[in-house]
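You will see two complexes here that share chain A, one where it goes with chain B and one where it goes with chain C.
Moving on, here comes the complex of A and B:
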């Protein structure tokens, strides 16, 4: 590839906006994503060869974005997985053609989020799926995993998944919400800043009411057990911190599948790998890189845009992307300070507005301290390595004070998900002992950023390509 | 295998009709059995529709696992496709693909 001024990693709302803005200012820009098309999780494209008959607001936003990118001359590398970035910004990725290397003086990380699921007995049973995962299945793939569902957790994804199941003709045995009705109501003023999304939310509620779905506020899943041909789900009431208030399982439901999720967590793999400064912000979703107003990290040339820098939602992500793109143009001399300020002013205004809404929904998704206290000792916390809470408790008792020690001692977080599934629960358990999530620390960033197969890294080679040192003189 | 019980196998998902025009069904082979799937859809979705939920056994305790995050993060849906280990949720269905699961309990 010819010389680049900027590589944007992640082609969701933030990354695509960043690339478009930087490109407009004359930067030679490459936009990279694992997925085969732009859109990220929220504006995900339908599978190749599928044609939409109906499009909701997210689908339309995604189609607009893909059209805009297609019409521009921005270089793109879809279907590419970035697995290493060095301190000198050498970026290593693998695609269908094999390994590739890019270099650029600036990187914008727009890698979005992953989902937090606080463990409970049976969360590893096949048929138990994340709320975000259920959204991918129901919306992008248009597949219903079973007829009768139980949907549990917190935040806006909960009613969204319930509504999608009902719309698909499936049944919902119960909607089980960690939050109380009042918490949703207190989010209302901020939601009013986005009438379109508020209307969507009301649409979900109407659908839910009409279908007669029972809603259990301040409840959580106590356990899931697999029976002959279904899953048995027990739910029980919790307090405001998410801890069970009674030993008695209040209700049991027989369902085909379960969707459960406890909020979104910023993806900080790249900023951690490159050693940027991070801080813990519960109301932003967890550990995030310390950013200036435009998304610059403490590492020169490395910026963050979108939910990966703190949960604020898709509308805010677009504006953050634009600011990061502009800031890169300013840093590389394609824009003077006055020009930057002129362009940034309306973006900042829209960002503030979008952030209010994003903040309110992030608050509903924040981790609740008491949730982890309810995890039984024999329950698996780390799915990859089957590490139980008891093993974590033992390691903490033996002196593990922060997450990397815990990882070394128990293998919790050492498996192929690289700590993305267990990290929140493990750190929250440590925080109970050490006093705070700050003290419990953050996983050290390591390559590969995502799992890659060794033969993908090697690409095509023959024995002739292997350099052989000359034989040593006898 | 700990906690093994015959489940997952009988719960089948289904494709939602209406919002998407899909390409035609093609045949893929899963653990030697032919199943119908839509070209281009995610293999994880196709396996759920076919009632194949448990895809692997966890390495330490041998517990059944299936697709969980659907976005390539959790690695629970790793299967072999034409001999290569891939996450089913990030793999598009191609006609004739040969899929091997490591069993789970299905």
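Moving on, here comes the complex of A and C:
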């Protein structure tokens, strides 16, 4: 058991920045990630021994970060999955060498997001993957899942995936966007704060235009069906809330694979498990821990940095990470108040700027209330446990008034994804009945933070090693 | 949806919508009373909704065996009396001993439970493995009981909620009671959005019985056990029975959906003030190691969820069921060891007593647990 001042969980842009900042102030800091190298999702490292054809801006940022971490004396534990954290803080993880335990008075949770996919008939078919998942395949691993794609959903990941598919030599049958052209235009002023990213966006559009990819605004996938050698995707127009406006399927495309995503959801597993206070903020991606300006939660010593505390994008995440690292140094007496303020000032300025951009993207990715109303009753919402919308409707009718009761009565969210796939759809359906997402509530935090293999946990032991308590009374 | 509360009078107010309170409310309503069932959370959301779902005699205190056996009958015949199936799976229960000491304990305990009427037989390790092919190599002795099985605790509330509605019970979920005052002709039950007058009062608050009883000036110590539970992902069949060990520190079963639930009362950290608390990693690991020692195929699975459930225990670890001394019209029910198995029956017994029918088996009045000086001096008006 190793003594530390700080454990940073998640080595993406936020976590790595936090760890480097804290390390610079003399804190004994450990940076942990379940991936084999730093970078998170957006700056993900290529697999070992993998030669990249050409590095884009994110790949270069990731390489810089990994070089900086490599050059510093900061302690890291990659390939480690944190599965349990108990009070004041004891952190349990499993790695290749088996279970490990760390103790630290402070934790910075920088665990990023998971992807929201609002179900439609056929969303569980093989060949249908998330926009974020497609990004990992295309960018970090340069894998094109199929020849001809249909890309659908909302937010900046949509044009990004289209562009990546084209760049990788694939074809895109259609780009299907929940948003209207106008919504993108209204995001422009905020996008202007980041000329680099705006230029990248324009680059995507040019590529898209050149390839002649048809773009369907205010449309969504009505269903995907598996045919012999391909997928048949039907799309139809929707209204501003994401609800279908006609009963007919307007167009059908034959493709090899589909990338679809409806925004990103902050990963709150750690803050929920440790009982921090949370609030629902649709424009931040959903339920998030209540944070002060530096990322401190209501639990002393527990901070959050990056998109896990509300969607603001990678640029903001870096600055949030720095602030959280500095705040921990301040809290542990490695920095005085004046020093903190001096350091924090330029970070705050950059953060405000980055946040404007992130906010605009987050708005484009916010959950649309009408979308869940379009889920047919027989469609599976929870794919781990095969729970249909009809079963959720029935449980709500039987009196399930909040998500935890709904979970018990339907098993929705009880499978190995632990609710990360179905949680948004289930809670949104419940919110229709109970009035709001606030009223529908938040899933109680449970260990393990991610499923953990018992074989890794248990190790070798004999019966005598088991610390049996005294017998129950007869 | 939940009824809108008002100040109307009911014949009985039951505070606590766990298994005990819910059963009492149901039978009182069927006996002709107007009943309100009140809980600060949803129905069966605390111990009754998160326990291991074991229905067993192996873990039942010998003196409670006759109650647990009647309780088991109620679980398996729920379709008939509740009107809804409780999803019970009947199978053999195996209680194991891995060491010489445990074998001695198993013999003594099996003997005592048999004497109380439980149909438990000691069996050889070979026979045990015929009954449960999933067992590990190191079993020294086993006891087998044909009266055993399990239910899914998280579905209990759903079935009961439907039955309560059919019986006309007014269910007030998400209504915390903050005060109860005895008054002429009964009790006034108050809370946020709640002001109810009841001729009779039944407190069924699980581990929260202690603070509830304090409303009425009764000081009854209720110890809080913080039981850890864990469940795996869906696995291919690894076992078919319910498995426990002689000390009672394991409960293990695989549900029809393939998930395996591991319990046994290994303690976490927590208290009744904060609801639950935190897992103790060593205890979770110990419990899981014990489980994998009994059923080695478990090692191939992944742990998907672990949590805590609060269990109530009186000073003598026997139930608190009966009238509140000195307060006519007030009753208490709770702290039943292995309460999930016996719960429906215990609830029916108390309902019978309240309805003026002689209970089939004796109740467990709390007078024995109260210091004479501590008994309430408050003068209460009888109804």
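Methods note: the second predicted complex is superposed on the first by the 456 of 474 C-alpha atoms of A that agree within 3 Å, B and C clash if a C-alpha of one lies under 4 Å from a C-alpha of the other, contacts with A are read in each partner's own complex, and residues count from 1 in each chain.
In this text, a contact is a pair of C-beta atoms (placed from the backbone, for glycine too) under 8 Å apart; a residue touches a chain by one contact, two chains touch by 3 or more.
Quantities reported herein were computed from a predicted structural model and do not represent experimental measurements.
J.: Where does A:453 make contact in the superposed view: on chain B (first), on chain C (second), on both, or on neither?
T.: both
J.: Of the two partner chains, chain B (first) and chain C (second), which one does A:257 touch, if any: first, second, both, or neither?
T.: It touches chain B, and chain C stays clear.
J.: Check whether A:401 is in contact with chain B, with chain C, with both or with neither, and answer first, second, both or neither.
T.: second
J.: For A:415 in the superposed arrangement: first (chain B), second (chain C), both or neither?
T.: both
J.: Check the residue A:474 against both partner chains and state whether it touches chain B (first), chain C (second), both, or neither.
T.: A:474: touches chain C, not chain B.
J.: On the A-aligned overlay, A:50 touches which partner chain: chain B = first, chain C = second, or both, or neither?
T.: first
J.: Would you check which partner chain A:136 touches, where first means chain B only, second means chain C only, and both and neither mean what they say?
T.: Only chain B; A:136 stays clear of chain C.
J.: Name the contact category of A:227: first (chain B only), second (chain C only), both, or neither.
T.: So A:227 only meets chain B here.
J.: Return first, second, both or neither, reflecting whether A:114 touches chain B, chain C, both chains, or no partner chain.
T.: first
J.: In the superposed arrangement, what residues of chain A touch both chain B and chain C?
T.: Comparing the two interfaces on chain A, one with chain B and one with chain C, the shared residues are 385, 415-416, 451, 453.
J.: What part of chain A is in contact with chain C in the complex they form?
T.: 83-84, 86-87, 90, 92, 101, 385, 395, 398-402, 404-405, 407-409, 411, 414-416, 418, 444, 446-448, 451-455, 457-458, 461, 463, 465-474
J.: Which stretch or stretches of chain B touch chain A in the complex?
T.: Checking each residue of chain B against chain A gives 5-8, 10-16, 18-23, 38-42, 45, 48-49, 53-55, 58-61, 63-76, 78, 84-85, 89-90, 92, 104.
J.: Which residues of chain C touch chain A in the complex?
T.: Residues in contact with chain A: 1-2, 42-43, 45, 49, 59, 61-62, 98-99, 105, 108-109, 112, 138, 154-155, 157-158, 161-162, 171, 173-174, 232-234, 246-249, 257, 265-267, 269, 278-286, 288-290, 292-293, 298-307, 317, 337.
J.: Which positions of chain A touch chain B when the two form their complex?
T.: 34, 36, 41, 46-54, 114-115, 124-130, 132-134, 136-138, 141-146, 168-169, 226-231, 256-257, 380, 383-386, 415-417, 420-421, 450-451, 453
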